[in-house]
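I have a structure I would like to understand better, so I am pasting it below and will then ask my questions one at a time.
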Amino acid sequence: MDLLIQTLINGLILGAGYALVAVGLTVIFGTLHIVNFAHGAFFALGAYATLLIERAGAPYLLAIPLAVLCVAAIGFALEATIVRRALYDQGEHGSIIVTFAISQAIVAAIILVVGPDPLPVPSPFGQTAVSVGGFFLSAQRIFIAAASVAVLAGFALWLRRSVKGQQILAVSQNARGALYSGINVPLIRSLSFLLGIAAAGLAGALMGPMISAFPTMGDANVIVAFTVVILGGLGSIGGAMLGALVIGLGNALFETYVSVSWTPALGWVLVILVLLLRPQGLMGRAQLDRH
Amino acid sequence: MKLRAKAALAALAVLVATPAAQAADPVKIGMVLPLTGPTAGYGKDGKLGADMAAAEINAAGGILDGREIELVYEDEKGAPQDGVAAVQKLMTRERVQAIIAGMNSSITLAESAITKNRILHVNPAAQADAITAQGSPWLFQINNTASTNATIFHTYLTEQMAPKAIAVMGENTEFNKAVLENLREIVGESSVELAEIATYDGATTDFTSIITRLKSTGADMIYVIDAYPARTAQIWKQIRQQGGFPMEAHAVGTVQRSAIVPAEGAMEGVITADIFIAEGATGDMARFIDRFTEQNGVAPNKVSLVVYEAVKVVAGAMDKAGSADDYALISDTLRGNVWTTPRGALSFDDNGRAKAPYFYIHKVTGEDVGLLDTFEVE
Amino acid sequence: MTDITTGAPAGRARGGSASLKGAGLLALGIAAALAAGFGLGGDPFLLNLAGYTCGFAIFALSVNVMLGGLGEVPLGHCMFYGIGAYAPAMAMNHAGLPYEAGVAIGMVVAALIAAPIGWLTLHLTGAYFSIVSWGLSGVAMVTALNLDVTGGPLGLFGFSRLAVGPFDLSRPQTYFFVAAAILLAVLVVLYHVRGSRFGRAMEAIRQGPHLARSLGIDVFRERLKALVLSAPIAALAGALSLPYTQIVTPEVMSVLRTVDALLAALIGGVGLIFGPAVGAVIFTILPQFLDLDPNVKVLVFSLLIILVMVAAPGGLHQLWKAAAARLSHARKGDAP
Amino acid sequence: MTGWAVEAAGVEKRYGGVTALKGVDLRIPEGAIHGLIGPNGAGKSTLFDILCGITKPSGGRVSVLGMDVAALPAHHVARRGVGRTFQRTATFRDSTVRENLLFASYGRMRHSVLQRMARAPAWREDMAAFETRADAVLETCGLAHLSDQPAAALAYGTQRRLAVAVMLMNDPKILFLDEPVAGMNDAETAEFIALVRDIARGRTIVIVEHDMAAIGALCSEVLVMVDGAQVVSDTPERALAHPDVVAAYLGTDADD
């Protein structure tokens, strides 16, 4: 019983982290129809930015927003120079190549500038673990889960309530219609790209203290994020959260009770099963046939 | 100690006595290291060691009557087919006279299929027994084999630390398999119980559930088998967050500062072992560490050391054999002599395996490992 | 996509010129292979690499059946490549079968596995298909890692005899010629596929699945056929990598391999029948001559790829086309 | 055969919570040119999709050429003589006019890849039959001189003619045209009307169109739909004069 409870706690907290990585992917896909393979690289940039800002003397909690700004600025530069020219309306093929190349370039740049060795990202929550009734909870994980829930809820609310958020939703549902109704579609696309990149940076800043900063730190996390996003339904933020929860709990339970070696296959099997039953994912919209 | 100093003096005498010949063609040695990709850190460490060795050899007048050593680097990117490509390029295009290649066991095995019976191949760091078990006459290994190292370490774990039950977690690699096999054997001869073995995939991002599962077995020792610094740090952090285990150990030869520093103290007290330790070094080793630190601004680690030794041993053997490409002769020279390295006298057996003179049990202390015990390797 | 017409019709003058053009291209390919094979005679490294590149080009062609043919991005295609590499390795090391038998088994198995996989996944399109396909290759990789018969994490190595009939593939020149011959054969087959009823159905589906369906094309069935066709080609490519790599590890099924092939196809041009092959050559041979720090090399290569995509989102052949158009334009309009 | 090319009764279609069609009845006699009009969002395209078997109705009965199209996959419906042009992806834009027709002759060809490689008789016959038919269709649609032009490079009106030519390759018994003259200039429209009259011999044609002049010139009868339901079915003149139709058109912004 205790084992089950600890496992469920692990799974929930794990899921909250996954959601944070996945939400940026899903926003970018939803509005831009770009499969962003560079997400992991921006995740890494978030962790490195946090680390460097902390080294410059800022405390962790201040370093997080500053790091997110830094990553967003890099994202903005890339958007203005590359993404806008090469990707919009070019279909998925171009986006796969370009985002993959961006990712390779960022990882190589990190190795050249900072070096390949993993570096600690200091956090006030550090290695502290809270023990509640015999169950262990890492302070940093609780912080990540809380931040993740707060940020995701705030983001969902902003999408619903604000004018810009509404416009993002409109573009993601029907870019042509949005254009006709006077929405500045290019601006909304740029904004969505920046939001997605910033979310990746935030995830890196929050998870850095747990996994350390190293150039390829994003790779494995982004693979999980892809399963989360597809499971939930590409482009659906609610779906990303639900998918993250399902995969977080599923992985935790499977690892504890079934097999550790086969766990990486679990997410994919879930994805395939769900897609067979609901091709649009758990919370994705059924697409109207448009010719 | 005395013996070692004498050997060093003898080596020095040979070098001094060599007349500084006219600059002949340099002897090219191909260095295959992971310079990009997830294990690029090892490549960086190795390169520092190799460069230092080459600089020392050349400063002392080179080998074979004044020929300089030229190191040609190729990137194996942490993948077998890139390792193979690197070796082939070095052999056929760069026409190197020897190959120094070997960090990861799978990659080294792939590379050794190319070098077998064609060129001198020295594997500095990879440990899997399968590499030198192939019977390649011109393949040599600087590091101990996984089973040699593991036997000593596992005996230490079971006999000296004497836990009731060990829980094991490790990445699904060839290295892990070899270590596990040895562990099963040693544990089988003792009263210690193997509580649980969790083998995870390289893509695993989180270890809490695995650790929860292992803790639930009631084991009083956790033993982690992972050679990847970033993941090592992450695993130990998560073990610490779940309250840790009464006894904690990490596989031989895989704990470097590059894991301990990002672990931010979570590895404090973890028991491990290696063929190298900086703490308390004396004689040649102390001088090596000082020189290295002075030149590079960082202290050397095991990887830097074995790659340094590999270059020195290759150069020394060529020099002594009087040839850079008669591999049968060079190999006989390698086997028939004792080689002085910072660690002491190194000799190679019929399989090309070196045995480190000493084996150290470490305990992680602060940002590095501290010495707990020393064994002489028979 | 206008290039595909070359193989279309018969009976009329146009048909005659098309097959002539096809034969000319084939002759050119054979000449290039012979020139390369003998020209590189003194350089076993380049010959070996060229042999491997031919295998890689075959994989890029297989990927391009899905990419250029159907407009889907088959991220998990590396699974079939991996099956093709593992099959001869397992056949030789476990069953004592010759290499050729293993290659054949691999191709058959790949086709047999492709059918149910396609049935499961080809109802999906776009990013959904890509990512699920990627996931399946991930499952295959975990499987290869955990089974004993695949040699676990170490993989399989120490192959007895890599040879096709009398041709010993451990000799670089032979390896290159065999691989090049197979590459040319695959090109010929794919060229005819493009000109056939099935090839045109694929092209119609790529350009407009709804319109294609309204013309009576069974979209799902043709997509499935495309996958079942491309899988054994990928397996063949995987098998041809063995003489070069000398080892098969689970890493052979890494998604990075598919990404490399996708890049090759996209750089060479997905619409050209030989585009992916040209891309593969650019992709594997070119970096060997960039004498830079490996990380700088990655950086430069990535930036080059981005530059190409910004300048010509359809691949390098778009640049060539544009340049050719400008040239002919300049020639015509030299009066003003 | 009943003499009816299309017989539909009580056709309904719901997407999630949205009802796109609320019980439409439609009968089109064989050989007629029938119009289908209504403001945007009236459900015309959905009805088209259902009649071609692309979309399955949520309720009601649909019979086209005597087939229960709701029970058949779309490509089967197409192979049995039902053709349809689209508003946006009307042609294969990356290919030439001739290639467009080659794609369209899929259903008439039988050769396999191997037969193509061997230049077997099956392939020769297929290609010869194609050439004959393509020449005839190109002639009919006035595209003969453009056969090697890329579709995307054609003038807009010409592209729409190509869309019809693509469908004609299969010699459909019934042809659905989705807003064929939208965006054409007057000359193009006139040419197109002549083309439709020309090809209407021996087949049924159904047109969705906003251009009332074209509808008036071509159709014997029109069905007017508003908001997923039919309002009236009559001759074009009388249908357009119907007060409900006038109200529906005045009450919406009939863009293009």
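Which chain is which? They are A, B, C and D, in the order written, and residues in each are numbered from 1.
Here, contacts are C-beta pairs under 8 Å (C-beta built on N, C-alpha and C of every residue); 3 or more make two chains touch, one makes a residue touch a chain.
From a predicted model like this one, the values you see are computed outputs, not experimental measurements.
Common neighbours of subunit B and subunit C, by the contact definition above: A. Closest to the middle of the protein, by Cα centroid, lies chain C.
Most remote from subunit B, judged by the distance between CA-atom centroids, is D. Inter-chain centre distance (subunit A to subunit B, centres taken as mean C-alpha positions): 37 Å. For the pair subunit B and subunit D, the distance between C-alpha centroids works out to 73 Å.
Once the centre of each chain is set as its mean CA position, subunit A and subunit C turn out to be 32 Å apart.
Per-chain CA centroids place subunit A at a distance of 45 Å from subunit D.
Along subunit B, residues 36, 40, 172, 201, 203 each make contact with two or more other chains. Among the residues of subunit A, those in touch with two or more other chains are 108, 111, 223, 261, 264, 289, 291. Residue positions of subunit C touching 2 or more other chains, listed in rising order: 138, 142, 145-146, 210-211, 293, 295, 298.
Here subunit C touches subunit D in the complex through residues 1-2, 4-5, 8-12, 15, 188-189, 192-193, 195-201, 203-204, 207-208, 210-219, 271, going by the rule given at the top. Contact residues of subunit B toward subunit A in the complex are 36-38, 40-41, 43-44, 169, 172, 198-206, 208-210, 212-213, 216, 229-230, 233-234, 237-238, 240-243, 258-259, 261-266.
The touching residues of subunit C, when paired with subunit A in their complex, are 67, 71, 73, 120-121, 123-124, 126-128, 130-132, 134-136, 138-139, 142-143, 145-146, 210-211, 259, 262-263, 266, 270, 293, 295-296, 298-299, 301-303, 305-306, 309-310, 313.
Of all residues in subunit A, only 2-3, 6-7, 10-11, 13-14, 17, 108, 111, 115-120, 122, 126-127, 129, 131, 136, 138, 140-141, 210-217, 219-221, 223-224, 251-253, 255-257, 260-261, 263-264 touch subunit B in the complex they form. Against subunit C, in their complex, subunit D makes its touches with residues 52, 54, 73-76, 78-79, 83-84, 86, 89-96, 98-99, 102-104, 106-107, 109-113, 115-117, 119, 123-124, 126-128, 130-131, 150, 166-167, 169-170.
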